[in-house]
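After this come two complexes, each holding subunit A, first together with subunit B and then together with subunit C.
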Partner chain A sequence: MSVQVTVTVGSIVLALILGSVLLAMVGVNPMEAYPSVGALMFFDQWGWQDLFLKMTPLLLTGLGVAIAAQLNLWNIGAEGQLYLGAIATTWLALEFSESLDAHFMLPILLIGTFVAGGMWAAIPAGLRSWFGVNEIITTLLLNYVAISLADYLLYGAWRDPSTLNFPMTRSFGESSYLPMIGSTTVHWGLPLGILLAVLTWILLRSTTIGFQIRVAGDNLSAADYSGFNTKNLLFIVLVLSGAVAALAGMTEVAGIHHRLQQNFSINYGYTGIIVSRLARNHPIGVIGTAFLLAVIFVGGELLQVEYQLPIAVVYLFEGLLLFTVIGSELFLSYRLRRRVAL
Partner chain B sequence: MNPVLELQKIHKEFPGIVANDQIDLTLNRGEIHTILGENGAGKSTLMNIISGLYIPDSGSMFLEGKPLHLKNPAQAIAKGVGMVHQHFMLIPNHSVSENIILGTPQAFRLQKSKVRQQIEELGRRYGLEFNPDLRVQDLSVGEQQKVEILKVLFRGAKILILDEPTAVLTPQESEALYKILRQMKKDGQSILFISHKMREVIELSDRITVLRHGKVKATRNRGETSPSELARLMMGESTIQTGEVQTKTSKASSDQSQNKTIVRLKNAGLRHELGHWLLQNINLEVRAGQIVGLAGVAGSGQAPLAEVLVGLRGLDTGEYQFAGEEQKGASVSELIHKGVGYIPEDRKRYGIAPHLEVAENFLLRDLHNNRFQSRGWLQRDKVTAFGRDRMRAFDVRAASERTPIGQLSGGNMQKVILARETSRPLKFLLAAQPVRGLDIHATAFLQNQLLQARADGLAILLISEDLEELLLMSDYLYVISRGSIVGEMPKEEAEIEKIGLLMTGERA
Partner chain C sequence: MTTPEILTIILTTAVTMGTPLLFATLGGVLSERAGVIHLGMEGIMLVSALVTFVVDLQTGSKVLALIGAMMAAGALSGLHGFVCISLRGNQIASGLALALFGTGLSGLFGDALIGSTVTSLDRIPIPGLELIPILGSAFFNQDWMVYLSYVLVAGLWFMLFHTNWGLQIRSVGEAPIVCDALGLSVAKIRFLCVIFGGMLIGLGGAYFPMVLTSFWVDDLTAGRGWIAVALVIFAFWHPGKALWGAYLFGAAIAFQLQAQVMGLKIPSYILEMFPYLLTIVVLTVVTVRNRRAGQTFMPAALGLPFFRGDKH
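Take a look at the complex of A and B:
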């Protein structure tokens, strides 16, 4: 465990060093840029609030992906699940927020979005469990369906005529706004994500169903042999994965935009795969890596603003990080194999 | 004496273990030299050094007097060192001749007729005759091994290394192999034969070198040794008495025919998804307090039969009765609940979750037992305590009960599985190859545990490819071949010859 953390931290440092070379190549002095961006990010009021706001959807999608990964399932569909969650939230908010107050509205949004995301993920989950259809393909393709569905609604039934034909809905009623923490602009989506991560960890460690998931993830044949219903396990885990990722859609539209609009997600769902992978799919580790990716997102925004660098630089940073961390993992498993060769 | 291969002070260490400790060995022209040793004695490491897979830390090798430095297996093959692996390295849907020329230098356009001629010539000389156009997948295991040998000879091997070649053969096939090896010896080939079966070794070898804990314990010439001396050399002075298992066997309760039938298969049949039959007309009975042996060559239907008995598959025809009740469509967990224990043949694939703790592995197949959980919540301290207790009772050697089980040796893993399966009320235990790959201490321990379980009234079905083990342990024997039971007999009437013939599918 500690070896893994050391290696991960080491590979992040390596990515930062490689990133500084990258910055130098585009004419920015990294010795100047890193500290100034760091100061803005961590000590500026706007900076750290933005950090936590970006971290929230990354945490939820990353956790969703990590849940599926417990059974070696690849949920590539977090982006679509996020969109579907946002659609579900929007429908509930548009429909009920005028007539219900926040005490009723917020639990309805939470549970409704969770259920909707789970039902959405039940499509690939069922196909995988009972027909053996590869979930990578189905979850990936459903992303386009969900995004197109959002577009269809935004250009059609849900378009707000008062927005001069911009594809967005009207604003939700205030009872559907996620409350802020204290006097900050950070909403309660972040504590929700952390709570879910901890609950997932407890589920896996301390319950019999979690034990079955751990066995099946480690050795599916042994789970069959132990009499566990592995088809049901696959189904449940993938549904849960989609349900959690869908909550990211809720926190975005109910926490920040207060309406559904086009392109509200800056690839949070796809980045969730990286978040999970960097944490080696550990539900608690996801909290740390979601923060790390948020640093890269916000750091990239700041580099854009302060140094007029293109968005591509942010993507390059992400790529470097993934490269070094996954590269280091190969290194880890190589060492492991040598011990086994005894 | 004309040494072909000489090893001097070969030394190889892996982290934490000395696999080969200053090994000296000579192989003469035209001799069969056996390397005898328990699992883990260092035989495989040594052979991997000779065949270029491992590079020794120190020491030197000489081939026909010239220093031999191997960096990879390709070099070893080029120098004339040929290895016949225990697990065949053949491509099933290619023909015999294609498999044989694989990896050898050939003209761009294959000259098949020339190759065929060479193969036929080699085959005639050693009694390894084949139709070179047959596909390997259509050959029996024994024939596939002959293809492997031909492959090595075709490459012009001067030294032939055979790694436990008889492990997968019937007694008759083994005899045929010995004949081939003797012929090759006469022809001047030098053969290194790796084994842990003492009987075959004494008959076949010109010299026997015994390895123990990575060291050469002794080298003996033909006729200068005895099985008991070899056993002592292999196992050390503290060798457990082979009589120990035997005496218990003979004390079997005399009249088992009165005991209750626990498992009964009636005309059982099972189809493959593609339609052909995996099992057909299986009639089999296991009674309480009885060990029933199932003999058969690997792949004769033992695996599907085991899957049926533990509930991983349902029968297509016939009946499966457990404790008098029909079990149509019973799931694994239902059968576990009714008292079925299972020691799977492939313990790493089915028996354990390798990255979970040893203690946690006791929960497999027993998860809903109240000693581990309460209303779906695991009681971690109880899990740990139970694991610790069972590990002590079964002498499982591991750093702690929290060690990932994948780090344990095969024998300790198997003890955990046995401990787990026998730690809840059982009526029936299916033990598939329970001692395969275990050293003699672990083997004796496991066998004694099985005999103890029988004495306590458990019905046991023992699946094994080792006839001696079956004859030692079983009260009643069935022989399976090509998915059907081809013979059955009480232990008193069982003879190795007769069973061996049945195993090949011929009626005795």
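Take a look at the complex of A and C:
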């Protein structure tokens, strides 16, 4: 465990160093930028609240990706699932939020979004389980389809005629707003994500289906020979994965914007892959790594404001971090090997 | 417009739109034949598009721009190779990292370029061949990069299937441990294929500022790199089939554009989904057919890291 922590911290530091070189190339002094961004992020009220707000969708998409990874499936479609979740939430909120109060509205949003995300993920899941179609490609391509669907609705039927320039829906009724925790601006999406992470862990540890998933994840053909229905397992796991990732769309739309608008996701879905990978796909570990990636997001946002850098700086740091993390995995396996040899 | 005229427009656009996909698919084929998945195409294409744009803007030379793009693409692919081959990192994760990193790089350094423009390549008709009805002007009245892509298809096919190098590359992708026992350097061959494959992908990125859009916008390649990743699979890792796959998707994009021009009553955002949905459908058909036939065509060691001294 301590080796893992050392290597992970080492790869984060390396990514920060490499990133600072690139920042220096666009004229930003990293020795000045890192401390000032850090101070704003952790010691300013706006900063730490934003950290928890950014952590929420990253936790949900990361958990979604991690669930699929239990069976060595790659869900690269969390971005599209998030969009679909947001579309489902928006539809429900526009339809019912003025007539229902929050006691009914919030469970409807939660269940509706979960089901919609699951149905969306059932497309690549079904294609994978029954036809053997590569899920990496299908989940990825469906991202573009979901984003186009959101654009179609935003420019068409759902567009609020009173906003002239930016295509967005009208505001939802207040009964569909996710409540805030205490007097902060952090909404209840974060505890929901943590709860789901714990539930996933319990499901994997202590239930029959969790046992089957773990066996099939270790060795799919062994699971086949043991008489588990691995096709069903693949299907269920990928559907669950998409359903959880879709909830990130709900927390963004119902928790923060209270309407659907363009570009509300800053690659939260793709970042979920890094969140999961960094936690080595452990459902509880995802809570910590989602926070880490939130640091990168808020840091990038602050660089945007303070130094007029484009949002791309976030993707740059994410890419670097993922590189250093996978590059460092070799050192972990070397440690294990040597212990086995002794 | 008459039907032949519309057909000519769609075919011509199909070739133009298909060409960047073709370059990238060829690069993917080369890399994956040696056993290394190249998932980071989108990032490589964006960076090489940026380099092309910048070099063209600074020097006015298309050739220098292309060389710069290929060098940048080669360097990024070298990074992918280092992580996957030397450090034995996961190829899919490394490819994703490359896609993000490249998107970040092109966004960060391209920010200052938004609004500038470069000139596009001229069409050079090939005498005689361009006069063939419908097909002539689509295939033989194009810019020189399109002709370069024809040469590369033939060259890569010949190299892979009719030379000793090709045999070695394919063997490394099928059975690296055997190659190692025969004294071939698996790491060296894979590195070369990843880097040269990356350079071909870079040509695909370069095609955007060279021909398709004369001004710089953020996210210039708009997801085409991901379509190329899928194209490698349904080209069965074969350069010749890559040609048809790329033009099929070029045609899907051309149809989408033409439908907008002709004012068909399909909303543009629904049309935008079309190439992606088509990719999924074709991929499914191809997978099912191959499974029925009991063939996969996939290089057997694709995605598996190799390290000398491992016990398999």
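In this text, the second predicted complex is superposed on the first by the 312 of 342 C-alpha atoms of A that agree within 3 Å, B and C clash if a C-alpha of one lies under 4 Å from a C-alpha of the other, contacts with A are read in each partner's own complex, and residues count from 1 in each chain.
Methods note: contacts are C-beta pairs under 8 Å (C-beta built on N, C-alpha and C of every residue); 3 or more make two chains touch, one makes a residue touch a chain.
Values in this document were obtained by computation on a predicted structure and should not be read as measured data.
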| item | value |
| --- | --- |
| Combined model on subunit A: subunit C and subunit B, fit or clash | fit |
| Partner with the higher number of touched subunit A residues, subunit C or subunit B | C |
| Which of subunit B and subunit C A:G319 touches, first, second, both or neither | second |
| Geometry of the superposed three-chain model: angle at subunit A (Cα centres of subunit B and subunit C, steps of 10 degrees) | 70 |
| Which superposed partner A:W74 touches (first subunit B, second subunit C, both, neither) | second |
| Which of subunit B and subunit C A:T207 touches, first, second, both or neither | first |
| Least Cα gap, in Å, left between subunit B and subunit C after the two complexes are fitted on chain A | 5 |
| Complex contacts: residues of subunit C adjacent to subunit A | 39, 43, 79, 82-83, 87-90, 92-94, 96-111, 218, 223, 226-227, 229-230, 233, 267, 269-270, 272-273, 276-277, 279-280, 283-284, 287-288, 291 |
| In the complex with subunit C, residue positions of subunit A that touch it | 22, 25-26, 74, 76, 127, 131-134, 136-138, 140-142, 144-145, 148-149, 151-152, 155-156, 267, 270, 273-274, 277, 309-320, 322-323, 325-327, 329-330, 333 |
| Residue numbers on subunit A that touch subunit B, as the complex places them | 205-212, 214-215, 218-219, 221-229, 338-342 |
| Subunit A-facing residues of subunit B, complex | 14-17, 310-312, 331-336, 342, 344, 349-356, 360, 363-365, 367-368, 373, 376-378, 380, 406-407 |
